[in-house]
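Each of the next two complexes has chain A plus one more chain, namely chain B in the first and chain C in the second.
Our next item is the complex of A and B:
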């Protein structure tokens, strides 16, 4: 349970990143999720990505909604402020936090119930506004905490653990994110850390709304035959279009797959992504093409993963609102209050 | 000649304009009200409008009142009947001996009039059509022409109206001269063809002073600017939209960096009220001063988040411009009907701070103060406006700001304090006032971070479902609410000239009508001590005021006597001692209504000995 203390000692030979931090400095409390939960792998990937990027943990704000996935921010970046807010409302809370202080890194963690059902609207509108964030959906197709009801991302025709067949169509959050103008869209699988870690790192470096849909099997309620979100099913149907490395002027994140065609994408902050094409036909700069590709492959039962779209010239909500560079939460009366002389003039205009 | 002698009154009468909305009458009518102010005579105007953009009836009422009674009076002395749709009702509403002003271009049958009023016909359409050809011009200038005719009929100084037009169209000479021309067209016609002035007259006085004429929503928005709000998230809803609009306008003028042009604020129109309050809470959590403006239906949607703000202790300001509920209710009619909904918003045990401004000046002050209170108390503060204050121009004292004033950012632990070894427990009551310290996200690399959650946790923000830990936290929240009692604006008390066993409690927009009602009641021999409540939690003086009187009337604008319920509940008062006076038809409460209701009850008390009433 979370109130159990995690031992603080660690191996003296643990490697350190550029800031001198070890992996342990990016960890949080002990997970209370089921043993083998896909979400814990995503937690590990977030830790890995932040370590590799040498992010100062306390400069990250972790915000979530309600559900199994939304509990996970407690399990990574223990020196960051976290906010486990209201079911389906992570996007608005994150938007407000981001408006208050544009200098922090915003990591939104949500689930499929949280983002595709109760919070579908907030998911959509935060993407529309281009909030500078990394929005991760830990997608398992079920409500785990309430024992296995279908969520809105469950595929039509898939079976629940109790044997019920889902007759509703599934929400594809990746397609929606693309359609609503997300400037970074990816899909991955919790069981494929080599693909997921660099995607998370690239999303963090991205300026604008970065969305990652991570299929994350629910070991307790959605890992059976007939499920389309089980470990076996996702492994069999995973169609990765590319692999990427994140180059931040330092060592690239080590990945262990064979090189294909490599395309270097420079992001707004100067960071670079090395994109290795697996599917030669796939163009990660073509929003319209991406949508068509997704639909075509979904119809064949394939789960397209990888970096699906990135706009290197993206903007964010702060640029739309033309806000000052200084975080709004640091402004005081000397800057914010127009003073009594201005008020006298205002009074005169109301006479 | 009417059968009733015509009303004769100087600087004390009510004019009501009946128009069709979307016809451009609003600006002409407002010009009329402002012109009277320029005579040094106070006015109290009110918009009475439907939830619609074009084509439905709308009224604008101007109470001319040298004595400065700014509440609605009731009754109409001069009806400017420009809307055939509402003609019959409008004519019926005129006081006996009153006046009817209408467009006489087309003759109307005698049955359409009343014998006990003075009928004044001006062929407005004929005058307009002979002067203008463009249909839109005809429509707009017709309004100015009737204003010109009224200027002659009420003996107003045309120079003062010209001056106002000049200010309005400064730099737009063509519009300026054509408006002045239209004004004189109407005035000249009236002077040549009618007996001017009528019994109702405006005479120059010196009763306005340095007061300003402003809508409560605009004043509250200015309070947010002065109070340091940097994040505003809102969703359009009548009657609060003009508050967010005003904040936008004020910020554009007052909050851009002169060198870079960059904005020192962020305004987001949310996709709904849930998102609006979510953005406010996210910003408040992260140390910015944030608010939303909404009305009843928005409050209903926001309640889950309001509970989070209470329990996780996150500053937020909600400006609730109340309208008649429940459900969609009457979106364009006023009430004070969200008292209970806001005081106890959300599931579980919650209590929230409410501020009740009486007019735009207090709306400005309380709005600015709300941000200090929100950060000091780390919770949601409600500014309880209503449509009557929010969407009408009200004469009030000038807005004031003390340049020495700093923002109270509350108990925030900094990196230096953490490095000094201060014990940081997010929910630790270090000072005994129930208020813990918080840290802003990103404060320190290794100290002071915590996990904010709506679930139960211990004093160090660690998740816990232990009964004792939960109860400890809930008790501290109560302590904090007690602390709030001495921070919020205190009630104002005014005693009758002679000792009395009776008192009256009122709040918010009822104030001007109450002040006038006290005079009416005194004239009828009823003396009352009065207390204007300005905030919840109630100050201890509320309970002692009630204890000092046999009966206390509680005057409010809702059906269920919500403030009375709150007083009874929070102070353990015997309900029999609080007599409810409730006005809830969606119109603003009037002095006549209050005086009649209280007077009737007082008369009954005098007839029957008190012990018989009680038994």
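Our next item is the complex of A and C:
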């Protein structure tokens, strides 16, 4: 936590994106999280992804619930729309906002408590419905704000800071998102921005429910030996199946990977993802295979990261419901209230 | 790259750009913080120890520190370091009790030729050690060119008197009006060492047609300024042409404006941009309605039976060859004659040593300059040392002070029977500034203010009296604002590899994108892979040893604001903010031989 405002000066050599903004222009207020919190790196990654995609800040709505993770939308995209909702209720607020105005980019930011405990049902239904959004869970496995109790994503057998062993089974949000039909599912690590930034960028470009589980070590309560969400543990057990670059017709977002098998996935809006396979057997288009792969590796204590599943022909809630293209706030009175003749016609259809 | 050795005294010294650029290595951020605290006397004493003439330099220094100031790489203008020095001098209390006293006589006698800044520095460093210093000067009062050539409206006599007295009161024997005409004769008086700080006293001539005939209205700049200083000259014609583009020319034209010159012009051979004068001195001259005409080469003084009527100029333009070397070639335009009543020639200064016999053991080079070792300031005669403009030609006051310190150290080592070539290392203190979780013993909040202007006296009043100081200096409030602009570059970011858990917190918070965690490589390769590559390859990279993941931490020192946010955000204390204070070795210091251990 810092009390000073971040100085306004920036590096004189900073590059600008298509809109003429530097990455500093995508910042928000200064973070009040603990020093070293993984969430701050996720914040930096979101800033970087939005900068690289040249997103206009006023086209983004960032919505969160309650918790350390849910504070973070205050720390990025200071010129975007924001809604800090009730604990666990981010998905419903986001779904409502999305139905009312489909023109905005929806960024749902949540944590393991917010999404795997109190908001577990909300999480499930927003995924199940295919709401067009980027749903990021900043997953540290503990309740940091209440001093480090195990959360629902803490692995069975992992130890708390005080040395107590967790006896409950863990909720694997990635597996559940896959099962519920999310059309973009990824897992990453706050300590690996080269992997995380393109994943966030690709998720933003994806049409449909895009879910990213980001393991984000809690320095204060969950970064000790015996934790399975510490920097050291995640670095030792990280099994990345692929790396990706997002191609937006300009420079590729990231090019610092060793050459490997590259598979180009074109998303609905024409943007392309270049997937570099690390695990030759892994197929990011196979939902069933992905689930089996995840469970096999989880049993070995490995943390599978990367783009785990993507459906290039995905659809979203609006196409399922056949809603009007225009945001509701731009509809004129005659469209919103078509008159008694139209009402009679509807009533007649029910007779 | 190899891990950076931060225990080398120079590494962090270079990060303090202003101090590194200062020939006397004045600890600039340290005294600026004291000014911000209102501790003007303490700020003055820090300056006095390093640069001997804070009040004088705070008005007249060439400020090599300011172009180096990191603030100038972050926004448009550097901190007004020079004028803050004046603040310390203006608002200090009586500091006499804090000055050293003459040391118990050690029986050694030093002759010092010339009473300018280099000579007085030697005397100040040696007198407290018990040396008897005799200072010889042709002028009646001490100060040298500071008194004779710098106009009083820039530097009042009271300031010179005060600061020369601090030195002369150390038991110095000052022999004013005593010109040395023979070094041999002085040598025969059995001094234990001789220091030559006689300056560059000869103004360069301009030998073009008409020079001799119209001599009565053509004056050599520095001689004329000196004559004005001592009250021998108090008027000049209405139309004056000043030839030359250095700071002496600026002093000449502004002085002429005050002695009756109504139409005063500065005319230079080169382009306006290449003029040697400091930009602020050009500004001050132009503010006093003095136009500066460029690319005009004087070809003749025009006179009517010996009475000067004007100067003829050839118009030229600059051409650059393949190596970028400039030459001035005729532009083809017609020559122009500009009418005037007087001409001041300020086209350079030269050394002159007619009083040094060439067989007295001092070797001269082909330019008729003494051979001087830039490290020891020694000549080829073991007991004779040089400094200031006398050593390497015209420079400035702050270089003269630096030479003086070096020469005094050499003299002290020589007389103590130590090797003059061996220079003791400076003493370096490094201390953590951490006071609490987010508290530092320095103000790490970065001010967004632009450089504050120094108030000037109204032009009408200023031009009426040659002794009225033009610059009024900062008041306390402006000084505080300007002091807050300092980035505290001496509070260093110190990294401990063993504590780092590679959480990226410092990378994410750094406002200047200075920090990168990446695979190691050679410098050129690393520089390309920095988060924000720098345009200044002369600024060092701070590279750690290998971290747990096999990567290294690379910090580009270039535009670091020293805001300490990396250290505030570091969960393990791998970053710390540590104040670096370097105590340059001066004569009489106990001699530390060991470099400090790594932080």
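The rule is short, and it goes like this: the second predicted complex is superposed on the first by the 325 of 351 C-alpha atoms of A that agree within 3 Å, B and C clash if a C-alpha of one lies under 4 Å from a C-alpha of the other, contacts with A are read in each partner's own complex, and residues count from 1 in each chain.
Operating definition for what follows: a residue touches a chain if its C-beta (ideal position, glycine included) is under 8 Å from a C-beta of that chain, and two chains touch if they have at least 3 such contacts.
Owing to the predicted nature of the structure, the values given are computational and were not obtained by experimental measurement.
Novice: Looking at the overlay, what does A:164 touch: chain B (first), chain C (second), both, or neither?
Specialist: neither
Novice: Which partner, chain B or chain C, touches the larger number of chain A residues?
Specialist: Between chain B and chain C, B touches the greater number of residues in chain A.
Novice: Would you sort A:37 into first (chain B), second (chain C), both or neither based on which partner it touches?
Specialist: Second partner only.
Novice: Touch test for A:217: chain B only (first), chain C only (second), both, or neither?
Specialist: second
Novice: Look at A:292 in the shared chain and tell me whether it touches chain B only, chain C only, both, or neither; answer first, second, both or neither.
Specialist: A:292 sits against neither chain B nor chain C.
Novice: Of the two partner chains, chain B (first) and chain C (second), which one does A:264 touch, if any: first, second, both, or neither?
Specialist: Neither partner.
Novice: Check chain A for residues that touch chain B in one structure and chain C in the other, and list them.
Specialist: Looking at chain A, the two contact sets intersect at 2-3.
Novice: For a test of understanding, state which residues of chain A touch chain B in their complex under the given definition.
Specialist: Listed in rising order, the residues of chain A that touch chain B are 2-3, 56-59, 61, 63, 73-74, 78-86, 89, 91-101, 103-104, 121-122, 124-125, 129, 317-318, 321-325, 328-333, 335-340, 342-344, 346-347, 350-351.
Novice: Please give the residue numbers of chain B that touch chain A in the complex, ascending.
Specialist: Within the complex, chain B contacts chain A at residues 37, 210-214, 222, 225-226, 228, 230-231, 233, 254-255, 257, 260-268, 270-272, 274-288, 290, 304-305, 308, 398-403, 405-407, 439-446, 449-455, 462-464.
Novice: Quick check: in the complex, which residue numbers of chain C touch chain A?
Specialist: Interface residues on the chain C side: 73-75, 438, 444-446, 448, 501-505, 507-509, 511-514, 532-535, 548-549, 559, 561, 563, 565, 568-572.
Novice: What part of chain A is in contact with chain C in the complex they form?
Specialist: 1-14, 24, 31, 34-38, 40-41, 43-44, 190-191, 193, 217, 219, 223, 231-232, 235
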